[in-house]
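Let me give you the structure first, and then I'll get to my questions.
Chains here go by letter, A, B, C and D, matching the order in which they are written, and residues are numbered from 1 within each.
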Amino acid sequence: MSDWMQEIWTFIHHPLMFPMVVTALAGLIAYMTARRAADISRFVSLIACVVVLVLTYRLFAGDFVELDVTWLALNDLNLSIAMSNGKFGSLIAMGAAFFGLLIAISAIVAEKGEAEEGRFYAFLCWTLTGAIGAALADDLIWLLICWELVTLCLYMLLNLGKGDSPTSAAKTFGMIGFGDAAMLLAMVLIGATEGTFRINELSIEVDSPLTYICFILFMIAALAKAGAVPMHTWIPTAATDASAHVMALLPASLDKLLGIYLLATFSLRVFTLDTAMRAVLMIIGAVTILAAVMMAMNQHHLKKLLSFHAVSQVGYMVLGIGTGVPIGIAGGIFHMINHSIYKSCLFLTAGAVERQTGTSEMNRLGGLARVLPVTFMCCTIAALAISGIPPLNGFVSKWLVYQGCLSAGSPLAILCLVAAVFGSALTLASFVKVLATVFWGPATTDVAPSGGVEGNGKFALALPMVVLAVLCLGFGIFAQWPLNNLVIPALVDVGVPQTPLIIGNEAIEVSGLSLWGPVPATMLILLGVLGGIGLYLVGKVAHVRVANSFVGGEVLDDESVLKFPATSFYRTVEDMPGLGQALSDGGQGVYDVYRLGGRYGGSLVEVLRNLHSGVLSLYVSWCLVGVVIIALYLMAVL
Amino acid sequence: MRSVSKGVNGKRTLIPVGPFHPLQEEPEFFQLWVEGETVVDMDLRISYNHRGIEELSTRKTFDQVPYLVERVCGICSSTHPLAYIRAVETICGCEVPPRAKYQRTMVTELERIHSHLLWVGLAGHFLGYNTVFMWAWKYREPIMEILEKITGNRCAYANAKIGGVRRDIPNELFDDIVRAVDSCWGPTEMLTNAVLDDPVLHARLVDVATLTHEDAIRYCVTGPTARASGVPIDVRRDDPYDAFDLVDWDVITFPEGDVMAKAKVRLLETFEAIKIVKQAVRDCPNGETDAGVEEVPPGEAIGHVEAPRGETFHYVRSDGGRCPVRHKIRAPSYVNVPSFRASCIGQHVADVTIAMAAVDPCYSCTERMAVTKDSKTGNELMDAKELQELSVQRTRWFEKQLGIEPFDKRWGPKLQELLA
Amino acid sequence: MAVGKMVFALILGSIGTLVLGFLAKWVDRKVTARVQWRVGPPWYQPAVDCIKLMGKETVMPAVAQGTGFLITPLVGMAGACVAVTMLWVMNLELGVGFVGDAIVVMYMFAIPALTTILGAAASGNPHASLGASREMKLLLSYELPLTIALLVAIIHTGGSFRIGQIVGAQQEGSMVFMSISGVLAFLVALLCVQAKLGLIPFDMAEAECEIMAGVYTEYSGPPLAVIFMTRFMLLAALPIFLITIFLGGVQLTGWPVLASLIKFVIILVLITLIRNTNPRLRIDQSLRFFWYMLTPVALLALGLALIGRQYGVGWL
Amino acid sequence: MNWKFWSLKKSLFVYHVNAGACNNCDIEILELLTPAYDVERFGIILVGSPRHADVLLVTGVCTRQVKKRLQELYLQTAKPCVVMCIGACALAQGIFAEAYHVGPCVDEVIREVDPNAIIAYVPGCPPKPEAMIMAVVKTWQKLDELAAAEPKPVAPALPEVAGA
């Protein structure tokens, strides 16, 4: 074996590079076999996901490794593939692999027979390549390349959807692309001022206008990816047409992981924020929580509703990080993990519902709890988790964010705390609506649910949901474990050395401030329920008599008229003065930056378009002007 | 009235109010189609309570019928017999002795007091304001007791008979009557002030389920429902009977048409009723109480009386026999209830329920067969519209036969004048 | 805290609160009756109601989702039990951390409302669904001012969520109630508690004459008994919550017992009087009331409290 | 003494069904709740749903329209429950006995779906509130007898399903 081959072998065999290589290759095979042998692509990608999960776990659990391969060296400009398995980064990579695997398993059944099935697996693998690369990257340019790969795959995956998916995919690409462009600009600025692209070497105090601009540009990129207000509008648009699996994979989990990873890394490790910037973050967080959840409450398209929550929950993460207090940051990061879990679960259940009935329109759904019991249970657990009901995982992370706000102590933080608590109640409201209208109540006649999709051989569809639901429970009841093993290492990694968090066996505690013992609480709740069951036994509830529902004694021919539709649930809130107008504007996209950008950006584009008149002499003269400017610059520099 | 129709695009929900519902004492089926909390359409299904009283009436003797029509509605149990009796008296052409007239006035007005207080209490109950319910009913109790004392029963009084009153109220009881109605004056004043001053009640009652003046005329509503919409009709003044032209009282009207106005009309009418009772007691002459009608000659007549809910209208036809050959009843709720469609659509569910209560409906009054079905096949022979057209045709035929002017020509100008 | 002790606390706390709840309900019914010129029920009436319901048959509507319909009342009761146990333990042993802090207690108190909503939705009855939608809107409406009122007390007592510290700081210093913002916050919280208890003027979720029994329309027998018991427990627990947060906590030793009892009865009677001197509000009116009237008041209190803390002015 | 019957006696939840009455009985029933009679003293309250009810107060002649609905309502009520026929109409159709639109008597209608139903009768047109209280007392006596006759089931013959 020759030297260079040896070198390449070492390179691709490097533990940091190998997961990317595996997924990239798997993606390639899947893509090539997509049309002819979908089975192969299915199999290959599944194997790749498993392998990658193991590899990333070893990275997370293992010792610190570094990879640094320069591929372009020009005088000062030194571009390299630099990677390292920081705890936070490898946690993200592991998370990406985990969700990728679950989605791949679920897709085996759900996407089977779809026209673009094979390509779905290919893009899934490549998404993982990008995500793992971005999470492990230590070089800004390398980060950007991997980051772009994820964006591209997201675009392609959304494009696979039905209906108007090309438009929504384009919107997504436009908005995230804008964020990526901002990041590129910020990188160039940083490279020019700091002279290095290595993330580990950067440490910038945010004090000058330039550093403000740099941070804000990074923030835009991170928030566009994660989907915080006002860069969130691509998520709801994409949700309607894209398949639930794509939504579960990217906007629900991977994009959150990556976006919040970037935000946390840059706002904590790379940049040192001042109070004003933290306040900006907190305000963005609080506004995101409230605005998105208000919009979510009035949705009656299941996936769209979920997608607004995917936005709203980002607010908690941003708020937690924005407090700048270790406990708040811990909350933000934990919330990121939790959110990926329950939101993927919710999107998967939405997928099951859609698969069963052929629609996500909540007004047409009803009474599915009997048809899809497993889906219903998972959805209930995940819905309660996202609403922050103790003792589920969402509660723990939200509770940490609240503590963070309170210990940050400023009046703004207190107001944000109120917004966060209230946002949690609003979240509960919309999930109550989901449970009540989709799973309970009279079954609708126009989407006759017959024969559950779970059942025989549909194990693969149920497994990911169940795993995620169990994780919701587990991370809630035994919150100490993820906090100790996932969150605290990540926290240390982003440079928050000492947390005031006391994680005991019995309770998570911040001395003198707060206390939450999930295990005793669960135990006591279970005990209470057991007591209640005892009462039921005394009252002989085992034998219930079934009678028609009491609707005033009248006998109705058609029970579906008694269904309380989703659009009706919070009509009163929509009618509130002030709020109602804002919500209806929001519904029509008045606050959509993409749309606004389209409207006002259009005029700018028009100017540029006019320059392209097709007249050769004009082009030549533009070129000449350019040459002259470059010459002048060179003369000035030299 | 239609049967249950489908929800539109699955966006509407049927909120069934009835047939057995705490809101109403009687079986009626209101179909509230709601979007959220807003009622977008309403429909009513009646006939659960249909007991065939008109048919039954033709099998009773003229003297038995008052007992029957007393049971059309328990809260109007003095006015239904009175309207019937007035019709029969018109056929007979007899003159009721003055003492009987005054005594009839006393009983109908005592009934009005108890009915209005009952309504105030129930309205409070429907609003969840149980204290008002309890208080109003407590203050109504003396009226019930005095009614029992003078007629022998708390609810169905059987007080009037053809040609007079069945039982003379002895003069010794007059003081008790005055004492009973006096004991109501203060509490009613207190309730009125409470209703007028309570800001929360204002929030629930003002501008709620407004029945406009035009709609009130269009739906031909009567009684307090009409008077609260600024339509000053009252049989007691427009076509005085008994002693109503001999005593001094006012017709209470309010122009707003909302639930609050209806409450105010009823509360203020209670004072008027107390005044009337006291004057009737004061002016009641001594003398005969029965004109001694022996038999009813052939003929037909109408009698109408202002019940607490509005105009009660009876038509009686006699062929000289022992029983009426036709007895037609139109109770006030029958015209008041359909006005829901004008006042309630677009309102909140919570408002609609109180608005339903606000017309003080007495569904026992409203019982009709709305649809005629073949008893064997169950096929509809005629629907409500066809039945109505049929009755219009028949009226025209009667008018032609009797050589009288059509209804619009006869009454149109007078109605316009009255309503203006 | 040892597991055995926890279980013991739960059993003792729940049963104690239940008994107190029976008595509180009786006080409520008795005061109501007296206001209405009536005699009212005997003292054991609420307990007998529950016992009777335990002996009755359970009827389940045909369209209901059985498990959800039957299990939700139990979860609601469990939530209430845990909440009251936490309140008791942390009131009586100030230093001890037990399960959670004020935020956890607030969330636990929200569980009965949540399970009511879910149970009503599971019953598939349109009246119950309308009631559930109302209950949820009500929860939304009072949760906002209640959170702010709670924060006022937290700021007054040194910025900690721990109930032990909230109570301790009040017993060492002065009650939260002894300040302008404290009074405002207490009044706001009292009205929120009124709504949390589902009492007039905020009983639109079960508005009897509009939507029959609303959220509880379909429940019968033991599940209904469980619901009743949960509500009675809340009727006892929420005044205690108010005392804990605003009025210096509950003490069960020496003279303070009497003071605690008086505070409890006063709050209870206040709640009863409010419910007997008002008609039911519409749901949109209550949303408007809580969001546009009480929330500004609560924010004002919050502002005053923050200013007071900043400049060390205790009475603000 | 059987605790079920003891507590049932002490706490009667009443649901009021008008099966085609003229309102007289109905307002007298409401009268029972008000300060003059105040039956809450005996633990009797009016409830909004038959699921909560122990007593169905049926007033009025059972018209043909109501018959089916009344049976449905009875089935929807949690057992054990007492049906109390208030007034002459509910007893024996009173003045409306000959009318064409009247179904069977209330007790016949109820017995059609549950032969063992506990039915109490309160005569009068309308019965006085005192009479209704008397009827409650008599019902208590009947319940005592039933309690003594346990374990005879109170409400069999109703479809029962196992499991929850």
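The rule is simple: a residue touches a chain if its C-beta (ideal position, glycine included) is under 8 Å from a C-beta of that chain, and two chains touch if they have at least 3 such contacts.
Remember, predicted model here, so these are calculated numbers, not experimental data.
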item	value
Closest chain to the centre of mass proxy, which here is the mean CA position	C
Maximum centroid distance from chain B, chain identifier (CA atoms)	A
CA centroid of chain B to CA centroid of chain C, Å	45
Whole-Å separation of chain centres (CA-atom averages), chain A against chain D	59
Averaged-CA centre spacing for the pair chain D and chain C, given as whole angstrom	35
Chain centre separation in whole Å, for chain B relative to chain A (CA means)	65
Sequence positions of chain A contacting 2 or more other chains	541, 543-548, 550-554, 562-564, 568-570, 572
Multi-chain contact sites of chain D, meaning residues that touch two or more partners	17, 34-35, 48-51, 69, 73, 76, 79, 163-164
Chain B residues counted as touching two or more neighbouring chains	13-14, 16, 19-22, 27, 34, 36-37, 134, 138
Overall pattern in which the protein chains touch one another (line/ring/star/complete/other)	complete
Residues on chain B engaged by chain D in the complex (per definition of touch)	19-20, 22, 25-27, 47-53, 55-56, 59, 67-68, 71-75, 77, 118, 121-122, 133-134, 137-138, 141, 144, 154-156, 362, 364
Parts of chain C lying in touch with chain D, wherever the complex brings them together	29, 33, 36-42, 44-45, 48-49, 51-52, 54-60, 66-67, 70, 206, 208-209, 212-213, 216-221, 224
Interface residues, chain C side, partner chain B - complex	32, 35-38, 126-127, 129-130, 133-134, 200-201, 203-204, 207-212, 276-285
Chain D to chain A touching residues, read off their complex	17, 49-51, 68-70, 72-73, 75-76, 79, 158-164
Chain B residues within the chain A interface of the complex	4, 6-7, 9-14, 16-21, 27, 29, 34-38
